[in-house]
Every structure is written in C-alpha cells, then in structure tokens.
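Step one of this worksheet: look at the structure below.
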C-alpha cells in the first residue's frame, strides 16, 4: 500500500457543551495542524499516487471553509461539539468528496482511503481514517 | 476508524542481558516519549472518542509506576530485557486494563484497540498495537 | 551563559483590529506552544540553574490565567491586539515577576534574563527576550 | 503487532518528466528523511524484534547506494520518475531483500512487513508498506 | 528584544568543489527548511513586529529565485560552494534588502537584524545572523 | 555571525543528590539529544564554517565517553549532580578543547564560541554557551 501525505493548518475558535469538557466549555481556540494522508494500491504511469500540487491546493481549499472562524457559528457544525476527532471526520468527508468529484485528478479517483490527522497541541492529536467510495 | 492520541514521557535506567546488545549491556538509561493511541469505530453522543483529560491522567498514572526508576529492579520486569518494544507491550497491557476497568469512562469501554509507541531517541522508536478485550 | 527551557501550551480565542490583519480580524483561535527559557551566568551548589519542577509549576500557573479563554475579554489585554509577539511579552512579564518574587526559588532570583517563545503554527512563531530585573 | 523503526537520511538530485510536475521538471534535489518500520507478531527470546544496531547498519548500507547522487543517472531508476512514493517502494524492496537474505539476523527473517516512509519536506511525505516474503 | 519567525522550504540540486567535501563533490541535492527570524526592539501601534502575511509572501518570493533549481547554474552562486551556511548568508542578504526597500512595510524598516537558519537534514543546520542596515 | 549545528544523542543513567530533586534522587536515566552549535564571524575560502563531517565525527567521539554509561560512576562527574545544564557545560568543554587542539581542522581554530544544547524530554532542555579560547 502506498500513501502520500500533505500538511497545512487552521486557526479556529470554538467551545464545547457538556460537563465532561471542564474549562473547555468556555470559548477558546486551537491551531489544528492537519495531515491528509491519501492511500492507494498502485502508482500511475508517472510514478505518482496523486499530484502533490493538486493535493496541497485542494487541502487548502477545504481548510479555507474553516480557517480564521468560530466553529460555534459554522452552519454544519454549530449543533455538535467540534472535538479534534470530529473535525478530522469532517475534513475527511470534504477530501473524500474532492477525490470522488475528480478535483484531485485521476490519481484522486484511484485513492482507496484517506486518513486525516489533526494535531491540537504538542501532546494530543486525533484522526479519522475511512474509505473514499 | 477514529483514534485519539495523548503523549507523556518517562526517564528510566536499565541494562540488557545478551551479547547482541553490545554496549547497552552496561547500565544506562533512556527518556521514553510515550504516545498512547486509542482507537474506536464511533464517537459518543458528545463527539468524543474518550475524555482527553481522563486519558492524560490515566496515562500519567500508568507511567508513574515506571518513571524515575531502574527497570532492572522492577518486580515484573527484572527477569526480562526492557527493550523499547517490550516496554510498549508492557504499557499497552496497563492501558488496556484501565479501559476494561472503566478508568477511562464509557469511552474507554468502547475502545477497540490501543497502539503504544515509545520514542527512545530522535532516530529510533518501537510500538505495540493490540486489541483491548 | 547557561539556559534552562521548559514548555507547555495554551488554547485561546481572540480577534484582531486593523485592516492589515485581513481574515484574522474575525474571531478565531490558536494553540500557543510556549517555551520559557531562563538564563543565568552560573549554576548553584547543586549544579542547577533553577529547580525544573518549580519552573514547570510556575509556568503552568502563569498560563492558567490565559488558558481556555477568549483573550478579547481579558482585563489587561482587551484593548490591544494579542499578537503572538505581544503575548510573548505578556508572559515574559509574568515570569519575570515570579523570579523577582522568589516563586522560582533562589535560582530564580539569579536569573538574568528570560526568553519566551510562542509557536502559533508549524511555520510561524514569535519571542520576547528581556532582563528580569 | 510489534514494530521497530529506525531513521536516517539521503541527499539526492533528480528531475521529473511530465507536464504535471511543473517546475519539478527542472533538475533539483531533496533531503529524504527515511523511516524504516519493521513489523512482527512476536519478539524473540531476548525481547527484541530485530537487533537495532543491525537495522541501522543495514539501512545505512541500503541508503549508501543512493546518497549524494543524481537519481537521473541511477541504472535502475533513470527510466522512471523518482517520486517520493516511488523511492519509498524502491527502498522497501532493498530492505525486504536484506531481511530475506538474513542480513538482519533471525529477527529479520521473522519480520512480516516493512513500511518505508520518506519525508521530502516539513509538509509532505510518502510511504510504501508491504510484506517481506 | 522581539522576534518573529516564518518558515518555508526549497528543494535544490548542487555539488561542491574541494577534496574536503568527499562524496558531496558529486551532484546531489537538499531540501532546505528555511526559518527567517526578524528582530526589533519595539512593536508597532497594532502590536505587530512585521505583518506576518507580508513576511511569508516576501520569504516565498525570495525563495522562488532558488527553488527547484540546480544552484551550480545560478548566476550569482556558480563560482562558489553553496554550503548551507553560505545559502543562509545569501538569503539573509535578499531579505535584508526587502526590509530596506519597504517590501515588508513600515515594520520591516524597523527590523534591526535578521537571522536566517537552514535545516539541511534532521541532524544538521546552519545560520547567518546580521544587521539589516 | 555564522553558525553550524550538528546533532547526536546519548543514553545514560544517573541519580541526583539533594531534596530539591524529589523522585529524581532515585537512579533513573535519560536520552540526551545533543545539539552542538559552532559560531564564527567568517567562512573559509571554500564557504565552510567547519567541515561538517569532522564536526559529526568529533561530536560522536566526545559523546562516546558518556554514552551507555552510569554517570554516577564517571571519574570526573561522580562528585557532582549531572543535571542537563551541567552536562551541556561538560560537553562544551570537550568540544572547545577539540577546536583548540585542531581536531576540527582550521575551521575549528576559527570558531569563536560554541553552544551545546541538551534536550532531556520533549518539554525540557538546557544549554551552555561560551567562548572557545
């Protein structure tokens, strides 16, 4: 199995609902360093999994829908807790759609699964990995 | 598959038995940076895999049984070589028990597997990954 | 010149005022990984610059005044932009006071200068370095 | 499942063929930080997956066939694009052979799979993972 | 003293002349992770050292003159060895000019010195630090 | 001012004397990741500060006197606490001698100062910086 990973980051505000969150119930924020790993069984005729330039551009485009915002106001996210694991899942969905829609080229269509990992601090991170189809 | 990882570290002394260990047969030591990755198929109603506060507390509690000690004197470890891979296995066992015993809450009971990775230096690390049940 | 550095982090929300900030004028947030470097010409009789346990405790104590909050609401910060460089300066002031007040022990009183560095993302950080006295 | 990872790096020149590569069609270069992860179900009688000294020596030996060279001139690689994912595959093949040939000792013969990950920059990397047999 | 640092990277080919370079006399390459640290005594009215967006854009613009190229063919560099320390000096000169020319805004004109650090591998880096004026 | 830094690491056991050390009074250990930074005002005729190969070899040679040992038994160190800051000072002395003795070539004789930084864990490190002469 081959994989190609590109990284970028977002800076967001949010708050959590539920006593188990303790002080994180207050409005606070995070830098999420985002690692998007694309997996495929084979490389193409040019020895590429996907075009790395396209991958960076598309990841940036997905992250632009979240960057410099308060996730508590996001139409799709305001009714849930935007935990790190939940945000990994959310970004996974957007990147999987990008693959299926051809925005990552032919290589993207051949991607079998994607793992999205978000680092919230030097000592905690979360990820979601799932199929593209 | 979702995962949540928390990190901490221990500083231990130990020595190895067997010619293949060369200079590491002498009493020496290591800082083990420990990454504990908890995996589960689903998040709970609050979009959490496990309570990250509980995870950090329980990891610290497990590591306190090893930190600032000479592993050659540890009751459970003194008859074996405390290689990095063996220590990953040892810590995995302690964290799996914590999940089963409910010390990581309901989230912990839903964890399907744990991966424990120990970095012994900037260019070498080892891990053990296994089911919780 | 000797130095000792301890690290911790905070997760905050904030927004900036001024057109030059572009999208960062919106409410967003950051994880600031904080490195506090204490400098002194000499070590003490026990070969310590400062007690590292005290240093970590005091840094945590200083950061607790900021962690999990919206800096736009902070009594001392709400009238200014809480840029990364400004926050390094703010934390420097709190740590310098801790040294002068003896909260870092005798070692802390011998610290000549402190450098506080805040990483806001994998590719940007800021610092303030200044005398303690 | 246990794993042991050792790291090293190479500094190479190369160029790519195909319009999709854009400016990377020009002769340029890369530092590839190489992480070789060896996996096995069990540790040996000495609690080792493989001898870490042998692993570092053998990885270095494999990388010496590539280091400080122009990959465009390499007999086995000059007719293909030496993308990061392709180089991970190439190094995987050399390490798998080393395991099968006994150059990594009895531990190496028990390795079930190897993952080779190459970091080409702080925000992009690629890997190939496959069986040894 | 305040400082603000932004990072980016380049991927270049080059070779060295002189027996002391050993195998690095052959055409090879490097990923240089570049850290540009701007220093100033004061922040401006908006609590900024320099506009971080401008800093990233200008660093990128400077690095574009080097990225994806063979430094042995560079008009200004082909008669010298493009060692990591020499490249730090070269990039320092370009950034100092950008500050003096106003391309980093008023903040850039107030920068007193710049430190440029280039990481050539996980275990080696070089830097040049000097005044802007 | 130019600088060149090379890195390596050691794995040692030790214990501390004095109540202020708390649990670190027990025999324990550490991986010290060592960064040796050599500084000079000028580069030589070949655009080198020092020969990086020599620097790595000499750092390794210095670290071999400490690696895989119990510092409590070291002839020069057994009567003092081998704190991270003290070990930075100790290694600095050995590298400064190497420069003065010509073991780092002509470049080494032109080094004005050395900074030795030891990382003891992901969130604590210490350094000593001083002149060579």
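Per-chain residue numbering starts at 1, and chain names A, B, C, D, E and F are given in the order in which the chains are listed.
Here, a residue touches a chain if its C-beta (ideal position, glycine included) is under 8 Å from a C-beta of that chain, and two chains touch if they have at least 3 such contacts.
As the structure is a computational prediction, the values presented were derived from the model and not from experiment.
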Option reproducing the contacts of C-E, where over half of them reappear, out of B-F, A-D or D-E: A-D
Subunit F against subunit C, contact positions shared by both copies (same if over half, else different): different
Chain centre separation (subunit A, subunit C; CA means) in Å: 30
Length of the line joining the C-alpha centres of subunit E and subunit F, rounded to whole Å: 27
Between subunit C and subunit D, centroid-to-centroid distance (C-alpha), Å: 41
Shared-contact residues (touching 2 or more other chains) in subunit D: 7, 122-123
Residue ranges of subunit F in contact with subunit E within the complex: 1-8, 43, 46-49, 51-53, 56, 105
Interface residues, subunit D side, partner subunit A - complex: 16-18, 20-22, 80-86, 88-89, 122-130
Complex interface listing, subunit C residues touching subunit A: 7, 9, 11-14, 23-24, 26-31, 33, 67-70, 120-123
